[in-house]
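Take this structure, written in structure tokens, and hold onto it; I'll ask about it next.
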Amino acid sequence: MSFSHDELCRRTGARDRSLREKVMSLDEAAALVPDGASVGIGGSTLSRTPLAMIWALIRARRRGLVCARGISSSEGELLFASGTSQHLITSWFSLGIVWGVSRIMRAYTESNRARFEEWSHLAIGLRFRAGAMGVPFLPMRSMLGSDVLARLPDARVIDCPFTGERLALVPALNPDIALIHVQRCDAYGNAQIDGLPFMDLDLALAANRVILTTERIVSNDQIRRRPDQTKIPFFAVDAVVEAPFGCAPHECYGIYEPFFDHLDDYAAALKPDPEQGMRDYLDRHFYEPQSWTDYLDRIGLPALLDAARRGKSIYDD
Amino acid sequence: MTIDAALPCTASELLAVMSARLLRDGEVVFAGVGIPLLAATLAQRLHGPGLTILFEGGTIGAYVEPGQLPPSTNEQRCTRRANMVLGSTDVLLLLQRGYVDVGFMGGAQIDRYGNLNSSFIGSPQRPATRLPGSGGGNDIASLTRMIVAMKHEKRRFVERVDFVTSPGFLDGENSRRDAGLTAGGMFRVVTDLGLLGFDEHSKRMTLLAVHAGVSAAEVQANTGFELAMATELPVTEPPTDNELAVLRHLDPDRLYTA
Amino acid sequence: MSFSHDELCRRTGARDRSLREKVMSLDEAAALVPDGASVGIGGSTLSRTPLAMIWALIRARRRGLVCARGISSSEGELLFASGTSQHLITSWFSLGIVWGVSRIMRAYTESNRARFEEWSHLAIGLRFRAGAMGVPFLPMRSMLGSDVLARLPDARVIDCPFTGERLALVPALNPDIALIHVQRCDAYGNAQIDGLPFMDLDLALAANRVILTTERIVSNDQIRRRPDQTKIPFFAVDAVVEAPFGCAPHECYGIYEPFFDHLDDYAAALKPDPEQGMRDYLDRHFYEPQSWTDYLDRIGLPALLDAARRGKSIYDD
Amino acid sequence: MTIDAALPCTASELLAVMSARLLRDGEVVFAGVGIPLLAATLAQRLHGPGLTILFEGGTIGAYVEPGQLPPSTNEQRCTRRANMVLGSTDVLLLLQRGYVDVGFMGGAQIDRYGNLNSSFIGSPQRPATRLPGSGGGNDIASLTRMIVAMKHEKRRFVERVDFVTSPGFLDGENSRRDAGLTAGGMFRVVTDLGLLGFDEHSKRMTLLAVHAGVSAAEVQANTGFELAMATELPVTEPPTDNELAVLRHLDPDRLYTA
């Protein structure tokens, strides 16, 4: 996932970066992701997770994806348990304070059925940033002296040629594909992101291909009215998919908060027998639904309305 | 636990109150989810209106609302009424640049030199338990002065952590600095039994104070290595009614303080 | 202007980063800038130039400032000709296509009375970024093989430890002071910037002290309503000065465009005898005015209204 | 100049029209102020509605309005109706990341290997003339495929530039790549006399075409070094009435094309 400048430029030069409409369906976008691809996942934890796209990839029975995300949550469990990925590069992988340690993460990693490659949160961010900047590495001052660094053959330690200080160097991470969910973008892929951007700007520029899912597709005129609100440029984007509530049951800043009741039920269903519980959940919410709308319908209209009411409250004074 | 009998609050509430007292008005504190977030918010409401709270998700100047505690530090409710929102890489870089006074985290396992483990119980190759990992923990502990709040249990306070996820003083003395970690280091560990620091030279964990009804022997008995003891061992002021009232107002559902 | 991490953290730790009001006058802010200080200047060319602050520093007869800016224009001429600075670190220094090569820049550099230290535009930007990130250097792929790099002892060339590629390393630039003009900020220094941000976000975090001038001081409540619009955090800011039309005769995005007629007159006045022309201009517009308002009055109300009308037009549909 | 007599347009207008023809619809072009900005905008209006124009000031997808030409690429009028605005460091990094197809600049002095000088006439220590410097020129020329538009004069086309501000092929052959510049390189030089390129192997400047009424000998006579000549030397199509009409509509005040 780290390339020479020749290879990086060759790959990028081969992409169609012209101003063109690239709106498609979830299934069409999923077809852009081959088995074994390296995939950067936007958002963080329960926020702006590109769940609709992950849902489509799991339904398409994609295999062998090497995934990377700053912080991972239930989407990581779904990727492991569905057999879509056996390798997740992240800084933290669990459900968190409300629902406890991920039993799926434990089951798959402790039995070595899947790999949780741990970097510090800043290290993941700087790896995407190096990828976005077109440099092979970036220097940093954390991870030094820790066992986290000791277990990472891809990182290096140097003495600074300017100050003589010890520095860690982390290699660029240029995923084959980035999956990013945004509040709005136009048909060309000019995307606006409200609230927490996480690592998505760097991820979008680092990846060799970007699939955007969006709550709403807006006109290019609307984008051009406030170009300083555009966070991802169209020429870095290869697919635009309109997916309302595309992060459910996670949140999309300013539009809906996490679906707490659904997540409570999900965690509870996994408690007695995580793997059987996950199989049942995948059947009911991933394999059986006829469409993304059907998926949302199974989560339930009351839950959608409640999450949306809480989501919009961020703009109350 | 004897503490519960001795105080009208849960161990978590005790941790929150005692660590909130360590934060001074005007400081910039980088807080993790759970007790740290709650204690920093408590300090903000009690004595630190000018305390600036940072979250890993990308929030500067958080002002978390009562009963609206986030499931992590990455959700929108972390940003309500905040002064600024920025990328997670950029907020973590503020630590590296030196803008942060205090890092504040919880801990699963800690050793005599303040090294924290949140990655593996047992060997990394065949772990008994795979834990959630560093998150920003390694970055925070590597780059700024640390306060850690955790339950005081023998299995959590060990001679040497199974895995150094977030560096304390590594092997003690100058080993942290020799490793290239020129900034920060462990400052305080707040537990449900007392308050601990680290010896200036040896960097060994030192008991600085005990909570009401707790003896030094009891603290040692719940610690998996020999603690250094401060020459004087004061007893901390128990949580006041006001501290507990504000705390319970912030977390009415005991989301963090169960 | 590049420090060890110990020194960088010592300097930053010594700053009062508490949430406090820091509104003051131009003169009070100018007193924060000692002779010989290194000063990063925000904006670029004719945009969001902190002219009011530069005006105050020139009036205060400050001496020996080492200035740095991505691209420099008439403000660089004023700093040289007034004797405020004899050293400008920048990528480009002139008046540009409309007004031609800077005669002041030529007069001072060709006679070695002042130094124009030339880096590439990206190099200046990455030097500020390294400073903002708290690392001693950043790697880049331009400047290699050029005489620009050959004349810069502070830059280095390495073979990448990851790819073996040749890379240039540019050292962090952490100015003692940054001067930045914004459209609005609160009394604590939380700043919003509309339109082109140039290098100002990195510059603000890189500097050891930041002086903000602003078109308008707004309430902290207004800032907290849209925290994702804040570009500079209050704790990096040491002074807030309200200076309407604080970039005149340069532009402030969305509020006023450059004062073209005034700049035409300025360029014309400097043509016959640049140094005498500049002395006269400094007297009339810098030393004689009683106040910033008087300075603006000498530029003239019609010019202000015209520049403001053109400035606001950016938001017309 | 004979050209002016031969064509109903100024030399600058000729440069703008001829270089606009080199830009293809759908390309991403990083344009400097002056002729490059004008020519890119002309191409956008004539045959490249999907041409994406980037400016150093931080503009992506510029759509400059007739009669509203900016004094540099750093003012707000560069951004009107643009698709995105970002920091100048970040827009320059797009070159390094490989997102840009063509870099497009003017030039003060160029040599046989396409090296550009915009810093010093004479020695850097005691220059006869201190020029404005690189700006983003060095970055653009170092990182992407370049088109240069400039007046064809002997004093501007020299054997070796006094100072390499923006690298072409340095000393020719593989020297550019050996210096670590693995991407881009000089592609075309458009002048008021003709169109020039660079030999694939020697990297020497080569005359590819002449404008109407100009002979190869005349081009050589205005060049300070020996030009390589293409085996065939076509004559370029003179600017059409439509090209000139649109161009003059864009720059009615002849701000760039005087």
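A, B, C and D are the chain letters, set down in written order, and residue numbers restart from 1 in every chain.
What we mean here is this: a contact is a pair of C-beta atoms (placed from the backbone, for glycine too) under 8 Å apart; a residue touches a chain by one contact, two chains touch by 3 or more.
Being a predicted model, the structure only gives us computed values, none of them experimental.
S.K.: Which of the two pairs, B-C or C-D, is linked by more C-beta contacts?
M.R.: Of the two interfaces, B-C and C-D, more C-beta pairs touch across C-D.
S.K.: Just give me the whole-number Å value for how far the CA centre of chain B lies from that of chain D.
M.R.: Chain B and chain D have C-alpha centres separated by 58 Å.
S.K.: Taking the mean of the CA coordinates per chain, how far is chain B from chain C in Å?
M.R.: Averaging C-alpha atoms per chain gives centres 40 Å apart.
S.K.: Taking each chain's centre as its mean C-alpha position, how far apart are chain C and chain D in Å?
M.R.: 29
S.K.: Whole-Å distance, chain A centre to chain C centre, using C-alpha means?
M.R.: Each chain reduced to its C-alpha mean, chain A and chain C end up 37 Å apart.
S.K.: Note the residues in chain B that touch 2 or more other chains, in rising order.
M.R.: Residues 59, 79, 85-86, 93, 96, 182-183.
S.K.: So which stretches of chain C touch two or more other chains?
M.R.: 4-5, 134-135, 140-141, 165, 167, 195-197, 228
S.K.: Throw together a list of every chain pair that touches.
M.R.: Once each pair is checked, the touching ones are A-B, A-C, A-D, B-C, C-D.
S.K.: Taking the touch rule as given, give the residues of chain A at its contact with chain C in the complex, in rising order.
M.R.: Residue list for chain A touching chain C: 2, 4-5, 134-141, 156, 158, 160-163, 165, 167, 169, 171, 194-197, 221, 225, 228, 315, 317.
S.K.: What residues on chain B touch chain C, complex-wise?
M.R.: Where chain B meets chain C, its residues are 25-28, 49-52, 59-61, 63, 79, 81-86, 93-94, 96-99, 101, 182-183.
S.K.: Within their complex, state which residues of chain A touch chain B.
M.R.: 44-47, 70-71, 73, 90-94, 96-98, 101-102, 105-106, 109-110, 116, 118-123, 125-126, 128-129, 140-148, 151, 157, 165-168, 195-199, 201-202, 251, 253-254, 257-258, 260, 311, 314
S.K.: For chain B, which residues count as touching chain A in their complex?
M.R.: 33-34, 56-59, 71-72, 74-80, 85-89, 92-93, 95-96, 119, 124, 126-139, 142-143, 163-167, 170, 175-176, 179-183, 255-256
S.K.: Over in the complex, which chain A residues touch chain D? Could you list them?
M.R.: Of all residues in chain A, those touching chain D are 4-6, 8-9, 11-13, 16-20, 132-135, 188, 190, 205, 220, 223-224, 227-228, 230, 233-236.
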